[in-house]
Amino acid sequence: MIVLQLKERVFLPLEAEVISVDKFAEAGSVDRISKLSVFYGRDKMELGEFFKIEGSIEDGRILIEGDLSKVKRIGKDMSWGVLEIHGDVGMHLAEGLRGGKVIVKGNVSDWLAMGMSGGLIYVDGNVGNLACASYWGEKRGITGGVVLINGSVGDDLGRRMRRGTIVVMKDAGDFAGAGVIAGTLFIMGKVGKAPGAEMKRGTIVLLEEPSSILPSFRYSGEFRPYFVDFYISYLERNFPIKFPDKLRGSYFRRYMGDFLQLGKGEILVCLD
Amino acid sequence: MKVENVVCPFCGCLCDDVIVYVEDGAIKGVEKACSIGRSLFLKHREDLSLPSIDGRETSIDEAINEAVNILRDKKHVLIYGLSSTSIEAQRKALELADLIGASIDQTTSICHGPTSLAIHQTGIPTCTLGEVKNRADVVVFWGSNPLEAHQRHYERYSLIPKGMFVTEGRRGRKLVVVDVRPTPSSRAADIFIQVRPGEDYEVLNALRYMLKGGKLDGEVGGVKVETLKSLLDIMLSAKYGVIFIGMGLTMTRGKYHNVEAALSLAIELNSHTRWSVVAMRGHYNVSGAGMVLLWQTGFPMAVNFSLGYPRYSPGEYSAVDLLRRKEVDAVLVIASDPVANFPREAVRNLLSLPIIAIDPKRSLTTMVAKVVIPTAKVGIETEGTAYRMDGVPIRVKKILNSIYPSDEEVLDRIIAKIKGEERNA
Amino acid sequence: MREFCLITGRTIKQGITLHDGKTTEVYRNEVGIVYLNGEDMEELGIIEGSSVLLKTDYGQVVVRAVKGDLPKGMAFMPYGPWANMLTSANTHGTGMPDLKGIKLYIYPACEEVWDWKRVLEEVKSVEG
Amino acid sequence: MSFKMDKIKDTFAEAFKMYGARIIITAVSEKWALESARSFTGFATSVIACGCEAGIERTLSPEETPDGRPGVSVLIFAMSRKGLEDQLLRRIGQCVLTCPTTACFNGLESEEVLSIGKSIRFFGDGYQMSKLLDGKRYWRIPVMEGEFLMEESYGVKKAIGGGNILILGESVDAVLRAAEKAVEASRKVKDVILPFPGGIVRSGSKVGSKYKFLKASTNTDFVPQLRAHTSGDLPKGVKSVLEIVFDGFSLEAVKEAMRLAIEAAVEVEGVIQISAGNYGGNLGQYNIYLRELWEGS
Amino acid sequence: MPNDSLIIKGGIVYDPLNGVKGSIKDIYVKDGKIVEDLSEEAAEVIDVTGMIVAPANVDIHSHIAGPKVNSARLMRPEDHLRDPLRRKNGLRSGCGFSVPTTFVTAYRYLLLGYGTVMDPAVPPLKARHALEELEDTPVLDKGIYILMGNNNILYYLLKKGDKKSAKLFAAWLLKSAGGYAIKVVNPGGTESFKWGKIFNSLSDDTIWGIKPKVVVDILNEVACEFKLPHPVHLHTYNIGIPGSYKAALDTINAFKDNRLHLAHLQYFCYGGDSWATFRSESVKVVEALSNYENITADMGQVIFVDTTTMTADTPWEFTLHKLAGGRWSNSDVELETGSGIVPYRYRMDNLVNSVQWAVGLEIALLLGPWRVFLTTDHPNGGPFYFYPEVIKWLTSADARKEMIEKIHPKAKKRIYLHNIDREFSLYEMITMLSAAPAKALGLKEKGHLGAGADADIAIYKPKGSVAETLSRVEYLIKDGRVVVRHGEIVDASYIGRIIRVDTGVDDSALSNEVRELFDKFYSVTFSNYKVEDVYFKREVVKRVV
């Protein structure tokens, strides 16, 4: 394992997309890793100027410690290994993640996992806006992978996601699952305005009835969606996550929509 | 001296028929302009800013030198403003941003920024204001109050004028105003629809749903479904309809989603009849700032050059966010007043940074800036291009001389000095 | 405590006085202002033209209260430094802060309407 | 075991190649999982006339199933991929989809898979929904009761069919008792099922018939009352013979099941001999010599 | 200027307009022009022994600037994200892909050996916008074509039967907007779409009751009478749809007696009566054209990429939006025209797209380099910097064969391309890229290396194939300045010229009626309409009276 410790707090954005198992493995030695380029504001600098770096990358594991809330783009395009972060972390974490695991013990800023196609992200804290969202104008959001968030998320969660599974154990902001093409979102806290707006297909599973459902969604009955049992069993067995007991074997109220699109998406609200 | 067809450099209407009377090198009279425009012309020499460093009056040259020192040293500068200056100056601001690896944002991010975001997502059917005048038989103002913000809009473009195909003028048009409160603009409307604050998205959603044949009852966003149904009927019966969207959509909860819904409604209406959307842009050249940003960087606002190429991220490189997160170490303000216009939390951080303010007039920003560089007022003391809210470029005029250089010139000198070239004052 | 919905926006007078200068008295008179529904004002015991202290989750300011044509429960302020004492800098990842539709609380105040200096002091007063 | 080895005829069971799959059926209760499984495995005794051979492998606790509900693991074998596909379609479609509260998962990891869900999904009449989790596709098909969840693809692999033993004894009672014990013992083995009713078959067969239209007919050599017409290999005193057939994913598993079955059967009083069915090695690729089952153990 | 005299020494010169076909000779440059001779002492000598020396290329039709290009940029942030360009060597940063930023547009054109690029569709009301963007498109010489085929004032005057006023108005409009040529796009169609109607015809009545043919005839007369260097640049009706070849035949037949340029002809060579029966009918169009040397065309070649379509043919973009789904932008410009934008991806596995790909090559190969010029109708068929791909297909039958194997398997039965063996030589390719379009544009000082020509010279290092050779210049000389040296841009610090025509028709020539129409119906005042001289910082005015 290779351990990075932030030497002192940074105030300006530190662009550190070089922090990924792929790039570290490519660099090889600690010496060469610490010479990888980062941008501090407009200044091109070396990773080693900001981090104390020790260990070896051979086992494909990275641990980063410190207040990384201004450090951006960590784990970009990573395809294997484990990247563990102890501390808050800045924007664009795990952009384009293809494989491997990213584990955060802290909070994550906006734009988590844009363009993700595979791998696992586990955040033991809160996440900002536009988590797993499509870039502006992009037709598709994330195309795969599993994202587990133990805390809350901001607005525009999972915008236009094409595939993948997102679990939020606490609240989600407005427009969660807007424009979802397919995939599954679990939101186990409160959800903001207009969940599932413009969704084509896909599923949003809610523990609580949302404050409002858009006019373009239609109430579509109550039933027992056995796939929920399957999903929570799968997720609980494979990841450090525990769903509310109430969810298992429960009846759900189903809203189908968005009828402005295909109307083949669903919002499932867990019933007592 | 009577100067005709002067272009008013205040709002996005960019009225170009103003008459200005100049005597003894000063503006003595204004005709045709709205009350705000009159005030702009008549008072343009009041409350002017002075060149200063740390509140101490100095020369323009020294102020420029000090600005250069700051811009040279700092690692991440925010360049902000741009909407009230000429294309020529905006171009230079971008060149500077590219040169020093800055973030550059313009006032649209707290104005119609969400409209741009929505256009990324859906596209926009739009038209010039002359099309409104000539064709529009139904006009909808959604979340905008032209009679206070764009005073001559009704008169010149959207409601009153007789057009080629709307020969009766006002009588040939239906005016619908949608807002959260009654306004002077809504009082002139044939139909006023009062929406509960923050629920415009739901109302637009309901309209779109009904357009697709969906059935609803009760009320949506505080509006009875029957009312919406009749609005939809009016929209469908239009030959050429235009929705003007304002801050009522972009600033409220839902933001770009609200605009996306409005754009989608218009797009979908085009399968039945013709509809366009025009954004009620505030500052006279806020459209232009977006235009230059787009053709030089590909993006309309919130662009960062730290890595040597343009990157776009509203919510990250937008001014309010950069300040709220305090991710910059200096701010260059061009023709804008963020201290007065930004939310408190952003202003607090702004006050802790070195500010360079380029502005003809005193503002809260110039009052707290480290360096103040006064300039000639575009459209009165210097000419340049400005883009009307509908993207029509118009040459704004020089009527009077100024003792100060133009924004363009100041920026050009800053760039030259940073590049190590000396340029004559 | 009654909750109001704060809407900010343009007014003609704000646009006109802007050109007098942002540090001028006329500007303060037109921009350091809140419009309220008449019934609301009566309920709150606020006299036309008197000072009120406005508070939101994001800050506070003292302005002049004036009767306006507004639905009950709504407060309207012209864009400007006073309104921005109350708005939120959270842009939800869009760059656009919450400038309309903010929860607002209104209290009668005996203080004079803040001038721009007092506003800036207040900006600096709380460490974030 | 060697002391009883004399009761075990030195012969071999002739087994042949099949294709097999494992289906996991879950439901709200074990009862309904079993109902579905029984139905699924019904009329699946012999490929000759049923198209497949299937049986319940075992029941599964909620901890063992993909969706945390009680379940049953079912094995199904057919002579070809195509045959297996056809049977899976019919049986999942008719016996799992139809059964209250069930869900249907793949229970066999294999590179070779059959896409079954993509056909059955059409039952949803366009309202079916697909889910992709961990690289696997699932179908949610709306039904009156709620929804039927099934996996898209089912692993198949080459398997062994037709492993068998014959229990020869002095009475019907004795051979039946022995066969029951054998069945019970062999069911402990994973990857193997016994396709016939209760795991036991009385109508062992030989290849061919005097009738041209019949591919198989009663195994005359082991029918006690036909001694007059047959070779007379049947030991003296044998009044009844029962067969147990084993299908499994590996030769080892089939052998293990046969070994346990023989061990259990041979102890039963009245059992005269344990033999096996073969056709002189002409039919199957595998010859399982009974006496070699204990080698190495 | 770094050096006002240059000797380009020892190169293999191709100069089709002067009949030079690979001779080794020196080229002399002084004050931005090519001269007969020059003393060696005073000049910088560039030794280009073994290299190919040719006139800089001329793009006759490329949407690089102006309102709709910028609207497309606004629509496609995700497109820019994929292709960022770093600031370096004093060049500006920017983004590429389907709608590149202005600086990137210039840089990429320069590296391809271009000296002149024409933007073919500018609404007069927004001409300033195009000109401003072109000012930020450095080094290249540029011109704009002015959209007139749907101008309401023109229709109004024609309806009144006042042909003289109509012609004067058109000539005034061209001058006022700073245009180089008259552009017509789906005449009558764009206006009809403003009424919610899809209109495609030359001979049916428009909503004005005037047949589009009448309008084009008048504009042809303007081009002829005012001796415009480039004829009417016509994007006719029925673009892109099955059976569009009939529109091409109809158009050729209608205007066969005029000089004419048919824009992106490829889109008008489709047969079939539905998308299912979509096929190439390029042979029919080529046959019709073969008799009329007075008509030129450009390819509008399709590339298999994700691109952005944009045209003043608003009904077509709306149709495409309905066909392709997704984003749609439209902009109606008062009294004049409109534009539509739809992002579109051409796919090899799509039968229609595969046929489209073949059609462009068919017409070019069949009609030859003097008649059909290389364009992708950038960015409609694909971004211009894919030209080397197109050159590969034009110069190698094997490369075409390889592609035909890759495209939709059913396409082969719908196209002619596999029956065409022709391979353009280097000489023909240079003709197509420079000499021929310059000639069609009437740019006498472009597209050749004779004395008096602008010193716009592209110099290539020979590589394995013609396409590889032409894919990037080793040197580009523009106005006698070395802009590209050793394959890298070394000087992009000046803005290039705007090339425009002066028809000599001033405001005073307009009838009162036109002035009244203007005052009544435009949203800008007459005096603020005309493009001011300040927008032509460097310009060449073709005075034609």
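Here the chain labels run A, B, C, D and E in written order, and each chain numbers its own residues starting at 1.
Here is the rule we use: a residue touches a chain if its C-beta (ideal position, glycine included) is under 8 Å from a C-beta of that chain, and two chains touch if they have at least 3 such contacts.
Given the structure is predicted, the values throughout are model-derived calculations rather than measurements.
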item: If a chain touches chain D and chain E alike, it appears here; value: A
item: Joint neighbours of chain D and chain A, given as chain labels; value: none
Remaining connected clusters, assuming chain A were absent and nothing shifted: B, C, E | D
item: Between the pairs A-C and B-C, the one where more C-beta pairs touch; value: B-C
item: Central chain (distance from its CA mean to the mean of all protein CA atoms); value: A
item: Chain whose average C-alpha position is farthest from chain D's own; value: C
item: Rounded Å distance between chain B and chain D, as computed from the means of their C-alpha atoms; value: 76
item: Distance from chain E to chain C - Cα centre to Cα centre, in angstrom; value: 55
item: Whole-Å gap between the CA centroids of chain A and chain B; value: 35
item: Intercentroid distance (Cα basis), chain E paired with chain A, Å; value: 46
item: Residues of chain E whose C-beta touches two or more other chains; value: 75-78, 81, 327
item: Of all residues in chain B, the ones touching two or more other chains; value: 117, 120-121, 198, 253, 305, 307, 312, 314-316
item: Full enumeration of touching chain pairs; value: A-B, A-C, A-D, A-E, B-C, B-E
item: Interface residues, chain E side, partner chain B - complex; value: 65, 67, 69-71, 73-78, 80-81, 84-88, 92-95, 99-103, 125-126, 128-129, 132-133, 136, 152, 193-196, 318, 322, 327-335, 338, 341-342, 520-525, 527-528, 532, 534
item: Footprint of chain D on chain A - complex, ascending; value: 144, 146, 163, 165, 182-184, 201, 203, 223-227, 229-234, 238, 248-249, 264, 266
item: In the complex with chain C, residue positions of chain A that touch it; value: 110-111, 128-130, 154-156, 173-174
item: Of chain D, residues touching chain A in the complex; value: 28, 65-69, 101, 103, 129-134, 138, 140, 146-149
item: Touching residues (chain side chain E, partner chain A) in the complex; value: 75-79, 81, 326-327
